[in-house]
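Presented below are the structures under discussion, each in the form of structure tokens.
Two complexes come next, and they have one chain in common, chain A, joined by chain B in the first and chain C in the second.
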Partner chain A sequence: MGVTRTCLLALVMSTLGVLGQSRAAPADDSEAIMHAHAAQDAAERVARWKDLQHAIFGTRALKDGAGVIQIEAPEHALDAALVPITLTMKSATPIKGLYLVIDNNPSPVASHFTFGPRADPRSLKLRVRVNQYTFIHAVAETADGGLFVSQQFVKTSGGCSAPVGADNAQALKDMGLMKLHLLGTFTPGKPLQAQLMIRHPNFNGMQMDQITRNYTPARFIRTIDATYDGSAVFHLDSDISLSTDPVITFGFVPDKQGTMQLVVRDSDNALFNHSFDVPAG
Partner chain B sequence: MGLAACTLPVWRAAPAQVAPPWVTQEVAPGIHIREGVDEDVSASNDDAIANIGFVIGRDAVAVMDPGGSLHDGRRLRASIRQATPLPIRYVLLSHVHPDHVFGAGAFSADHPVYVGHAGLPRALSLRWEYYRTRTEAILGKDTVGAPVLPTLLVRDHAQIDLGGRVLELTAHGIAHTDSDLSAFDRQTGTLMAADLLFVRRVPSLDGSLKGWLQELAKLKSSAAKRAVPGHGPTSVDWPLGCRDLERYLGVLLRETRAAIAQGRDIDAAVKTVGLSERRRWALFDDYNGHNVIQAFKEVEWE
Partner chain C sequence: MRASFLAGAGSLACLALVCCLAESAAPAAPVVPEPAGYWMGPTHGPVATSLTGGTVIHTRRLAALLKTGAVMVVDVSEAPRRPANLAADAVWLPLPHPVIPGAVWIPGAGLGAISPTVERLFRERLAQGTGNDPTHRLVIYCHRNCWLSWNAAKRGISYGYTNVYWFPDGMEGWRAAGLSTANAEPLLP
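Let's look at the complex of A and B:
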């Protein structure tokens, strides 16, 4: 029943993808991002990243991220609409931010994390859509303004225009529901990993009803703020590339028993607000 | 792929008569099934990968899935014409997947009633073009055609009468997909389960794992003595024939739950869940990981 396989085999960019590219790119992206075309060979991919780098970081120099930031993603994604990404960071100078860039997605900057004083930025996991064969770049920014980049190539296609699945109906129904799992034992002052799950369809505006020729309107998470007892863990500027029902695993340092507060704002300006006891009550 | 795109349309454009009839098996009196190959769509198989067929009544014929491409559908039509001159009054579309519905256009000249799950029009509207682009990238241009939507919609149960032979149709809850339709021929005790039943070829999950297990439990208690799977042999004993599917789905559910309970991530789960099933199924490596992702997404919200 060749659904998945068909997606994997299709090397050509889908018609829907092309349509989507011209209409779904958010207004705050640069012209360079919007008009850069699908890269077909290595040289074009390098040029594509150069364009993006310039659009995002201007003239600031990016250093090789080896030893500072590591990105792990499946070489062949099994599901283009849900590609798990793991980011591992290590630096003597504190890390203050992280950019995840999916070069050939319609809106390449998938995530920009800004870490707060309660963060443990050594490990991050998230799930993204990948629209076609692409490099994914992760850029860590240190407190002194240094930028360190790592990359991985991912083969898959159709993640952005992929038709909405049956689960999306559920996602819309329960929109804003959240769960927080603490992965490990709470010890005051010791770093702890937490997995945040958010019910949200994260419609990217690229799924078209071919008969009515209407698109499912875009509705996606724009920002997530995580604070612990009022002190920032992270601020995330997000975009259409996060998967349906986003799941983000992050580290934080709870100095004492307290409350993790999550504030999620989407593109319709809906606010979702949840608090979780740490350790879980 | 380039070669296929250049050469295939030439003979695709040939008139429908050149489509040679498929070899079908009469699994019960008047029920003829063509066995699909255990492959994914490729230029050499015309997407003839699903089990498709037809039921002959006293007055008319019903098609149970028109096939995976126009050519596949034309060849099925040729098989029907070889078997009977009766009119093709119904074309059942068992669910949204391309290997089952892309042959629909091959029957348009018969002006049949296209029958589907009440959720099928929306599902097809959202996916037809997406699937068509991908299928035609492999089979060549104009091998799929324009969307064909069902006009007789089944919300729960319905019957179609072929003259002395009534097919009982059931629109299922979300299972293999969110548009699964099965047909039961009481006269011969034959359940045409389409992709609610996979045998030999690894199942693909595109709806709900728990929903599928529920629908399967209901189907097991039906009066059927044999079933026609959507993939696998043309006929299996019922309910014995769903043993492998039920076991696979059970393993998927149990092991996904265990992975989540152990705090394993989705990417770790993909590498471990279901592996005990690996040697039991064709195309396991092509689908199991995707199934685990679908299962994980569903189960992690329990």
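Let's look at the complex of A and C:
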């Protein structure tokens, strides 16, 4: 009987299709209209950042980050779940931290890096989930407590609910596996860039499992600690906005041949620990 | 295992490259045919340009349609859900959710595989909003390039509604045209 009903339904639907009604009308909103009404959103965006600034930094003043911090992100990101962000920093006063804020994500503070004595904080790359059209703010904190902000607008949406993969079991497989690629030649005392890849689904609790029809419980990386021969490179406080299988490119200054140690802790308090020889053996 | 991880990283690198290329020249939108059943793929991405049994409507025509009287409008966008294990001091500040004035917001109604509780709610709210009249006009939307509204509109057609409009421009198109919005709370089972 169920089959009969399905067939009937299909017949009715295809008949309706034949009858017409399925033709698409031409799009009637032009770029010109979009520009004319951008101002309405602009005021709201400014208000949103004001709210966030207050929630994150309280009454501390933020200065224009031009010349100190630069943020690069694709204006039209192809995949909202994998938006590549490049941060470039330059400052006479050492930079001790960095906040990455995705204004319109429900949990806006995507990352807070604290740099250690072995860090080279001039360049940092990572990938994030973006839920809807948004400003992304990067705030660099200097050793004397100065805060410098830059912003970039990103047009993409749906990153929060985008599924991690075809099935969750596969996504959880190999969790905690890490790779570290050195992006350059090791010279003692000279800054070196390294690309860290971590296998982790970083489930944010908003992804629907298409098989069970339930939301997959959130399970995400909370902290990453990178140390070189026991001396800190960076500490990262992270959140659900970090992409699945995070890839972080960071700089460090290896004074001599040594070991890079990575400690990753997730929201289930699972601890993943890997060490890499520098240069690779 | 190791090989698959490396392969994954390789394809991600390709993706990053494509993103960079997309900056200089936006590629033409690919033509996506209507799936036979509900769309089970990623929610966001290029969508079909037609809906069998329904009418595709764009911003200006929709604005005009809404002025003509009885139309039920349903937003099927997702609602943000605070993870229970988010740090207690984490900043959790979902944006207010704007809808087309008068619209009801039913998250989950456009999933390829709908949960029975959401389906019951969706059916009930449609019956209520249309006064149980299958010829009542029904507009379904979410975001631009979002399959949820396509699925939900198809579902509405499968319930027997004969005047179903799918609005693929979504909230982005509506706002871009400078049309007014109202904030709404999600209807959850």
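Everything below uses one rule, namely that the second predicted complex is superposed on the first by the 231 of 281 C-alpha atoms of A that agree within 3 Å, B and C clash if a C-alpha of one lies under 4 Å from a C-alpha of the other, contacts with A are read in each partner's own complex, and residues count from 1 in each chain.
One rule holds for everything that comes next: contacts are C-beta pairs under 8 Å (C-beta built on N, C-alpha and C of every residue); 3 or more make two chains touch, one makes a residue touch a chain.
Only a predicted model underlies this, so the values are computations on that prediction, with no experimental measurement involved.
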{"item": "Which superposed partner A:L183 touches (first chain B, second chain C, both, neither)", "value": "first"}
{"item": "Which of chain B and chain C A:N204 touches, first, second, both or neither", "value": "second"}
{"item": "More chain A residues in contact - chain B or chain C", "value": "C"}
{"item": "First (chain B), second (chain C), both or neither touched by A:D51", "value": "second"}
{"item": "Which superposed partner A:N131 touches (first chain B, second chain C, both, neither)", "value": "second"}
{"item": "Partner chain in contact with A:T86 - chain B first, chain C second, else both or neither", "value": "first"}
{"item": "Which of chain B and chain C A:D245 touches, first, second, both or neither", "value": "both"}
{"item": "Residues on chain A lying within both footprints (that of chain B and that of chain C)", "value": "9, 14, 16, 74, 78-79, 82, 84, 127, 158, 161-163, 179, 197, 199, 208, 210-211, 245, 247"}
{"item": "Complex contacts: residues of chain C adjacent to chain A", "value": "1, 5-6, 8-9, 12, 15-16, 18-20, 22-23, 26, 40, 42-44, 49-61, 78, 80-87, 90-95, 108, 111-115, 143-146, 157-158, 162, 169, 172-173, 175-178"}
{"item": "Of chain B, residues touching chain A in the complex", "value": "1, 40-41, 47, 49-50, 68, 97-100, 121-122, 124-131, 133-135, 137-138, 147, 149, 174, 177-178, 195, 201, 204, 206-208, 230-231, 263, 265-267, 270, 286-287, 289-290, 293-294, 297-298, 300-301"}
{"item": "Complex interface listing, chain A residues touching chain B", "value": "1-7, 9-12, 14-16, 74, 78-79, 82, 84, 86, 125, 127, 158, 161-167, 179, 181, 183, 197, 199, 207-212, 245, 247, 249"}
{"item": "Residue ranges of chain A touching chain C (in the complex, touch as defined)", "value": "9, 13-14, 16-17, 21-29, 33-34, 36-37, 40-41, 48, 51-52, 55-56, 74-80, 82-84, 104, 106-109, 127, 131-133, 157-158, 160-163, 173-174, 177, 179, 197, 199, 204-206, 208, 210-211, 213-215, 217-220, 222, 239-240, 245, 247, 267-268"}
